[in-house]
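Pasting in a structure now, in structure tokens, and then I'll have a few things to ask.
Think of it as A, B, C and D in the order they're written, each chain with its own count starting at 1.
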């Protein structure tokens, strides 16, 4: 039986999250009430029957470790296989590799030990609920060296700018990988590659002193490789800035999008909490919002995303905002177009209004 | 119910392991056929009913991560509590702490989150099979601020040199902590401290720009603190050099010592393997040795420690040596006073004899 | 060795809960928007650091076994001990159900013995309360008791509905009266027993040989111990405790949660979490015209209508124009447009068609419906539309 | 949905194993120095990526349930599926044992249905072999079969002791003969069946209504399928396979391990590990005068005597002056000084006093002893000393 092993490579992902990444890397940013960015890549791998996943992460990975724990929530707490978080801890004095190639070089064991002959590699910024079984079958059937997962952007936004675009022929063979801004066929950063080829290309990149595996190992050698494209269909998003983060959270306040992202084909897995159901107190009014368990609502909430254990006191109104875990909003507060990171405490009577295009962001644990 | 939380602090431990620590830190050094140094500190904590353990580790911790996995072998794969491996991943721009205080400072969450009011702190070099319940009871009953675990060295060896010595009065109150070489009352590096005091002393050390918690926070402030001594009785060893490593492995070839270290009061926990029983082939002769599962023995073995999956071919003799996991010794080899690290391959006909005081060491994965 | 082993009697059939327990045991009945009744006792054990717990099931154990599984949600999947499911053993001659609460423990003596405990805690899985069993154990040790029974003060006028313990001033029990007509005391037994194992074992073995015994703790073991002048003490519990044995009390206990602070029961107490098997549903989605007041709503819900003083479990859908009042809606229920429910308990996965009206009067017992009952009602009234 | 669900029949009583199965089910009997018999089948499932496995126990299930636990050692503790223990359900009217292999599956139809599988693998827990069930499944799909039965070539002279499958050249089965006097073929059924679930379900339901059926796969289901001209195929297995049904064959299979390469069974195959619950004993200790030849010795042993062509399980102690030959020593046995054992199977925790001599002749069946048997023998002969 042919199988894949997984790799989530957080190196080389472009992002500008400011306040949200002071103390965590972008893969750990909370999303949609109870998830973290990485949950999507990880769940999609597990849903593709992948039983071992490695994560290359350079820094600020403490909250990632905390979130992923033993891997049990993704059924990756295995005796054989499972979850390998691989921060930089390198002690080979002969090592000359650079960029993400240092990760590949110093983690050869992971690839060699795994029984799978194929590797699914992804980043953390492509947000979708899917599996890659069909792409994998196509990869094997067509005898490709590499299969790139793409998606067709309905409307090109700023958030698409950093990603490569793909030109493929009618049979799906990739002709060109470019930065052409107007090509809506966007590379999701997810691809399938034969393991032996991967190891070979890694050696090659290191020998030529390269520092970015995908660019130098695959893009620059496109003519020598059999590269297929496989198109992802269905709801998806790229989140790589505060603006795209805010917009996509707001997009989920439509039931159609919400169902697409969270109910098809299966649930996105995340760390479970033990919070009680949302507690709506006498005078509360909540409209067009998503609320995670453990919230305690006395005031008004509209067009907003509330994470676990948010407390909204009487007389307070929250509009078009994202309020993360354990924020406490006291009485008679008005918040509009605001993002509060975890554990923010908003004192009585505050009034904060951000702009729709540039929401007002408050970093973790602040009191305002 | 009063409980302790655990901390294994690998910073500031003196050690000279040369070849054995090229690719791993000293806590991961294999010992006694199937264990690692850290198993003893960790098992002793679990046997003391400690349900959460943090490990401060600066570098070369990859094999430690691998060994500890989800913590399940120590029953530390918990939803609440469990095992926290805390490598340096520090992102506080205002941080001015140094030495092991950086670990304490950056991991305040671990201490604050835990429900226990007491912390058991240890290193990894004191090797014993014990529990600290009695010491804990004494700590609480006597109202001590700190209780230091000591052991009386029967014969002072080189390995005792780096450790502090303790002078206590008849009631166990510590009068002095010194470096006096001839005092056989050796501090094991293990101590119990009240959590709130710990956090206070940490702040103090940082304020005064100190870099070694035990020395500056406890030793230098002995006169201000109520410090008790509790004496560990029974078999124990300090392992902090190739020489002490070799000698203590050899000491275990006496059934009395072996039973003391591994059968009392309970088993030392370690990562389980799935190796079959040792396979003794027709002409094998094994005497006065310890062998772990998965070994395949055709030749002679005497006075040696064989780790898992060692293969000893026909015509070969191994004497007074330590052979680590998956070493393959071909035909007609003679080894005496040798330490082979993991995955060493000794080719046919080799003859290697080290000195009893300075065994010949071969680093991981070499072929000789 | 374990100091204290817990034995949780989860065999309750719960006949007085009617349709709610037709297919599942009482401890498995959903409760509080997210939980099952037994989660309260299991979480008490976990929070009290009772690390070894035998759960005795018999009536419809499948759902319960699946729910408890290896005990992971309660952090009780231990290498040694943890939670262990004990079904009645099917012997060669065909199996038999436990004939009483004491018999259930008696038949599992070998299970308890293997941990060689000093104390055994016997509890049942069908009460709602939050209690630290370590405090009970501490008193048990302090008084050097043979058995300690947890009690709660009940209003004098209700005392005759309970098993009442008559005690001396220092709480030593001298008499146990089951539903006394003229109660001398208002300390009711909560069905929570701490025993010294050596003593209990002897009494269980003796009792098992008594042909005319009903093998019940309250009716046989405790009276016999009192008769022998053993050291029995009452432990006074302060807090919320409710036996959800009838539809009315089940409904009330759920409603009590909506004002939990008033009752001393706290689902959001970080230091005494109630754990359950997590369904992993996404956060709840509240639509643009929804009005949710004085209610608990769990993850996976989509609410477009009006919800007032109600408890909505996982994955409930309330369409536009609906009014749900003082009702309890179990997981997976869809409530079609313009329906009105008042004082209704809707069982799992029921599909309520558009325009359905069901209500129980203020003085009546709340109505329990499931798909079969609903279909029957609709057939009689000519359907929901 | 799961593509293939496994059902492991672990109810075997193993009567012909004598004392070895007095207190435990056959699949739980220790085997190979470290394992229990069922570990081979469980490991096959784990290695074959059969992620959902129902284990049907009945006879003395306690030891087996404890051994399997939540399935962690086999990496089968999954959130959805994994290994699930299925004991006969004790109904209100009193439970009953499964009346045959097919009945056991029939009574668990609801269990299988909840995974909605396309295929069901039926295996039993009392054979020693290493097999990739995915290959069996691949052939089953390729031939579009209703059932595929795994077979092994046996020597012609032994064929009449087995269930023999007569097939056409392309391995389609046209006849099944139980222990034929005049075998037409030497392909013996290994008791390993891959079924298309839809088909099997229909046959199980039909069979359950047959009053005169013995509800057995070999005797009822397979013959009926053949009679209906269903697509039944044989899958030819190459490798070691042994039914350890008698003391002699149990002993032989253990001895076979000592020359495992010759038999195609490989305990040290990194790609096909046999997993078991780990005892966590320290490494074995071999004393200064010990001689260990041609043997397997497990962790926790202390050996001071002579061990030849034997299998020593965990925590066995062999004192000075002993000779253990062609014997199998189960966990926790102490062999006192100057004892001699030859062709002996010593059961768990037996204390053998100094100077004990026990041997079975080369042509005799190996002797099985446990503490009771030994005490009896010693009483007769006047003790070991």
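Things to note:
Methods note: a residue touches a chain if its C-beta (ideal position, glycine included) is under 8 Å from a C-beta of that chain, and two chains touch if they have at least 3 such contacts.
In this text, all values refer to a predicted model and were calculated from it rather than measured experimentally.
Counting C-beta pairs in contact across A-C and across A-D gives the higher total for A-C. With chains reduced to the mean position of their C-alpha atoms, the one farthest from subunit D is A. Subunit B and subunit D have centres, each the mean of its CA atoms, that are 41 Å apart.
One simple way to say how far apart two chains are is to compare their mean CA positions; for subunit A and subunit D this gives 46 Å. Shared contact sites, meaning residues of subunit B that touch two or more other chains, fall at 72. Residues of subunit D in contact with at least two other chains: 72, 275. Only residues 22-23, 59-62, 65, 69-72, 77, 82, 85-87, 89, 91 of subunit B touch subunit A when the two sit together in their complex. On the subunit D side of its complex with subunit C, the touching residues are 58-59, 62, 69-70, 77, 87-90, 92, 94-97. Subunit B makes touch with subunit C in their complex at residues 1, 72, 75, 78-81, 115. Of all the residues in subunit A, the ones that touch subunit C in their complex are 32-34, 72, 255, 258, 262-263, 267-270, 272-294, 296, 306, 309.
For subunit C in complex with subunit A, the touching residues are 32-34, 72, 267-268, 273-276, 278, 280-299, 302, 307, 311-312.
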